[in-house]
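Quick heads-up: structures coming right below.
After this come two complexes, each holding subunit A, first together with subunit B and then together with subunit C.
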Partner chain A sequence: MGEVGIVSFGHTKYGILKDDTSNLIGSVVEECLSRVEKGIEPKEIGLVITSCADDQFSNQHQTGALALRYLKNLDAEAFRVEAACSSGSLAVYLARKMLNAGYVDNVLVVGFEKMSRLPTEVATSVLIRGGSPEENRIGITQPAAYAMMAQLYMEKYGATEDDYAKVSVKNHNNALRNPWAQFHKKISVEDVKSSRLIASPIRLFHCSPISDGAAALLLSRRPRDYTDTPVYIKGMALANDTLGVFERDDPTSVAATRKAAAKAFKEANIEVKDIDFAEVHDAFTPVELMIYEDLGFAGKGEGYRLIRDGTVEFDGALPVNVSGGLKGKGHPIGATGVGMMVEIFLQLRGEADQRQLPDVEIGLAENHGGTGATSVVTILGR
Partner chain B sequence: MAKLLAYSLVSIVPPPFKTEYIVGIAEDDGVRTPVRIDRSHLKNLKIGMSGTITTRETDQGEIKYFTPEEVKLEGGKVALVTGAARGIGRAIAIELAERGYDIALNDIETSTDGEETIKEIQSLGRRALFAVADVSSYSDVQKMVNMVVEKFGRIDVLVNNAGINIDRLVTNMSPLEWQKVIDVNLTGVFNCTKAVLPHMIAAGGGRIINISSQGALDGPVGQANYAAAKGGVVSFTKVIAREYAQYNILCNAVAPGCIRTRMTDSIPPGQLRERVSKIPLGRRGEPGEVAKLVAFLAEDGTYITGQLILINAGEYI
Partner chain C sequence: MGEVGIVSFGHTKYGILKDDTSNLIGSVVEECLSRVEKGIEPKEIGLVITSCADDQFSNQHQTGALALRYLKNLDAEAFRVEAACSSGSLAVYLARKMLNAGYVDNVLVVGFEKMSRLPTEVATSVLIRGGSPEENRIGITQPAAYAMMAQLYMEKYGATEDDYAKVSVKNHNNALRNPWAQFHKKISVEDVKSSRLIASPIRLFHCSPISDGAAALLLSRRPRDYTDTPVYIKGMALANDTLGVFERDDPTSVAATRKAAAKAFKEANIEVKDIDFAEVHDAFTPVELMIYEDLGFAGKGEGYRLIRDGTVEFDGALPVNVSGGLKGKGHPIGATGVGMMVEIFLQLRGEADQRQLPDVEIGLAENHGGTGATSVVTILGR
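Up next is the complex of A and B:
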């Protein structure tokens, strides 16, 4: 049995879209099938896994079966998975396990979210469900939970509000090169620091937006049957942690990401220095600095140095979130993890147009749910 | 004793919550708990500070609260009372001073009456300063409020009491006479409220009490300008209550009836007797009685906002 490879993709623009859940799913399924270079018959796809974070956004149950309508193969099996913001990666994780087990030969993964259906305050009350019940009850929103992590990180390690702002600035700059991105707007450190307070010290321009969008990937046990240039999943791991920030030994780290990364590196049999670029979960930009540390890009308490010295910029030694990240590209929750892997697929195949990075062979995706109760780290290579 | 590990002021709040609130993580005896913290503590919060965790029954069930150890304030609570040299304003200033407030006493000019009020407040052991300003001038008011905050550090309570009357039938009232009363009695309330609000928001809350009048409701002949302004104050009060509840700022209006002040002293004796005879309690009210109501709204009244409260011995029901 060979490595599982990604052979095709579909991807909508992220943003406030007119499409409903059904249109979003339909468009990426059809695009993904039509992009298969050597062609594929619907009956060759035995399983479809959809991912979305919440039905209140999608207004639709049984989205797996809905995807089969567009696949035009009602004999395939289909279901949906959920793990808050990491739903998309979880779907890919499960697809790979099913392929490795030999259950089917090809799996179609479809991530989506239709968030703009709900008013902002209702969306906030949906998103809060990603935290612990004890936090939910007293109103610790997602931004508030990240805010406390960000506050502690500054207090403990000497990062500044400027460092946090610079992550937002970087990701907005990167989004300028991505036609799928929700924002094509250059912003300054001052813009971030003067934007509206959401949950101190988190401000509006630290937050990923409310987004609609979908992304699909076709994974295969026999990728070369469908393309000469598949992208392989070299290592992929899932890890979990407590739902609540208050329950964690170290709230300045996403421990699940740390655990998942260690497992993924081990499986891929590579080291951190082999990673050429990464897409990480900057749902709230301060956490991107902590993720650098959890992935091993920087030592503990030193993540902020990478944004200060330019390492993680588009032209730096280890570019992070060249797609624009969740902050600039958008964050249609269930699509996000799938979309990260679409970005890495394109970069590794040299198809990323104006945002193409030179000479990249290995890319990493880090996608976590809530403040990190679920984390999936994926290492992809040619 | 518990320790505060982290906190955040949540400005965008999900339902069912309506107002900004502070959340945090506190640790007691090695056990960490997500907590709420009363917004009034905002200015004094520090990571690592000590406090106690208590449980409160709320609509959302039992919620843990962290209360920081008593933080010594520079001086005490501060009230700004406009038009406080004499009359109802003076009584309010003294009543609040008796309850532990330092007083910024506003009037349009310094006066012996004002100086005496200041001395009386100081004799109660409180700080007092004369804050001269014409409330109808926003730039005057802004300077005054900045001066009060600079000297006393905060404003917990604003009492918009300053008012004038120029009584005429409308046919005899000049546009200038109309405007003058509107400027002081209505625009003055806007000016002082606008200047004080940012300080209250930053401090985590406050109380605003506007002195309206029974005249806002009962159509007093000869007081079209006064009644219109005082009615405007009631509407303004309701809007402020809704706009700033989220910042823990409570705003109410008080409508006195026939109170023994210079204003009612100037009513011709025959007319005054006739008016008093129609009051169920059969007498004029004392400024001190109004002051006690204002003090209640300033100190207690934690579940009262956007209301007009009449204090008139049943003269208008």
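Up next is the complex of A and C:
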């Protein structure tokens, strides 16, 4: 496959915003177009793919067609895709497929979610849809499902509540440098451990928040027509697993991420040691340690060592979630995967301002749906 | 592009069913696999695309991953797509794109909707999401939007309430022959004209119902490996228009259908006269007359002549909606487009039992979202 390049982006602040679905989509579409360094005409964009997790949040069907209003090209094709929390990366995945097949030359991807439209108790009943029907039926919410994984991981491998808390502390620290982040609040291990218990061992400060937000990317088959400094998708894969945690042989691993990572590394023809930094799916911070293992950053049962020894800190050897992650930056579901790639785009171009990492050439994004029934792993490079 | 073939199908009854989302998906996946004449192993299916219009109906995210449970192949890729009422055809459209690009050899498409999960007044607030944000905000429901189109069409072109009623009568008559149809109830023009007024000139008996149901199709790059009598996709296109009726130059035409039809006919390299029969999107029966025009079956402002002169009746020269259409067969949204193609598959193979049309070789499906912000036109042949 040829290399598809990212040439521009749009990104709102993440948080509780006044904007509705239309405003969110419109603002990132217009920003993304206006940032194209060598300029682009709407008619050059043949396809728009939107992503959001839930219609009850967006209160809008056919958001693809809605995005065309802001693109100002009704002759482009448009549709929406969904795979729960991995919806944003799914949109990029399909955009790349359509580009590599030569169906279109440029695709605009728009991820968004308007979660604060609903009261929190209703939002919880929406979010439970990310799990299996059986989990849903007996009231196993997303934090409860992740709690089972986190509890088992502690028992089997010796991770501690302090390890889990340190992931939250790291990601909040990183969010301090990110103007788009929902939280700009330094927290301590003690703050996390004394926060409200949600589903043991998961506490409030392990949980990503209810967020509104949007992110857009412009992808091209001929990226140098639009910028001298594109970021290329070197490898990318989507993989699936069972919907329910209870159906899995090993609930301490996100098998879909493991499968997708293997494929993405193979396609990119690189090894784990070549990865300079990563954005991963810390919807609940304990899972970040398991993802280190599924991506090959650490051996099985050894992920927590990377948070203990500082490897994954901002100034460590392999920084993870320098954006603040889902925990610190926020998690407007359909935007999340797209926003991860915006972060990597900026880092690789040296445009990440006060959170810029030195000398980075290869970044990885890991974005999974629910507790991992869908996962997309993307490897990006200059 | 090479010719992608349909090799098998699954289809539930449409109506108010006891089944939940899982049952609906599971039953058509299993039926579709079991109907493959030369047999198929789950591992031969590399991708599953699901379609439904709304998460509040399905109460489930990641239905792609859920379908893999019934496929019994967790190594297949899976995701869901949405474009309101055209979601089902969108899924087939993308399946074909992935097949033609050579990414996979076989794709399973599963369309479904579980509308009766919600009380009717809540369902109405869900369905309003199919229109534009402005229409949504001021309470212009789908029947109200279609009513404006139907009113204008009468004023401009001389169609009458009798013409609209006759479309409902025809589709109910056709549904009598379809065991899957939601309604098996013969109605008269007088029944339609005396039914409850919803939004003038639209009455209850012009409206497609709240339906549950599912339909599946197996598409292949090598269809003859699986059946000696595949049905080929000769031409297929997706096109878009404004979300809102108020934004359109001509609200008496579904411009997206017009654009998609032009592309699909060109790709299939056939003319309108080559079409033997069609399934079209009669979500509200007046629009069926406009669709005749947008597909080229009649000149502008002359669509109603085809219902007056009997052309589109079961025994006419160009039968339309022999399945019963959305009005008579039912409209479980995400299933609708897939179900249209199941009907054409059966007709072209001579397997449509008591509703079999004689000597049909080419069939057309037209499936649009909302009032036509998205439209997919598909031309199928042996």
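Throughout what follows, the second predicted complex is superposed on the first by the 380 of 382 C-alpha atoms of A that agree within 3 Å, B and C clash if a C-alpha of one lies under 4 Å from a C-alpha of the other, contacts with A are read in each partner's own complex, and residues count from 1 in each chain.
Note that a residue touches a chain if its C-beta (ideal position, glycine included) is under 8 Å from a C-beta of that chain, and two chains touch if they have at least 3 such contacts.
Predicted, not measured: the structure shown is a model, and the values here were computed from it.
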Residue contacts on subunit A - larger count, subunit B or subunit C: C
Partner chain in contact with A:Asn269 - subunit B first, subunit C second, else both or neither: neither
Touched partner set for A:Leu243, first subunit B, second subunit C, both or neither: second
Touching partner for A:Ser34 - first (subunit B), second (subunit C), both, neither: neither
Which superposed partner A:Ala83 touches (first subunit B, second subunit C, both, neither): second
Partner chain in contact with A:Thr124 - subunit B first, subunit C second, else both or neither: first
Subunit B versus subunit C as contact partner of A:Ser188, first or second or both or neither: neither
Partner chain in contact with A:Gln62 - subunit B first, subunit C second, else both or neither: second
Which superposed partner A:Thr160 touches (first subunit B, second subunit C, both, neither): neither
First, second, both or neither for A:Ile138, with subunit B first and subunit C second: first
Those residues of subunit A which subunit B touches in one complex and subunit C touches in the other: 132
Parts of subunit B lying in touch with subunit A, wherever the complex brings them together: 5-15, 17, 21, 23-25, 32-36, 47, 60-61, 63-64
In the complex, subunit A residues that touch subunit B: 120-122, 124-125, 128, 132, 134-135, 137-141, 143-144, 147-149, 151-152, 155, 196-202, 244-247, 251
Partner subunit A, residues of subunit C touching it in the complex: 20-22, 53-56, 58-62, 64-66, 68-69, 74-84, 90, 94, 97-98, 100-101, 103, 126, 129-130, 132-133, 136, 238-243, 259, 369-370, 373-374
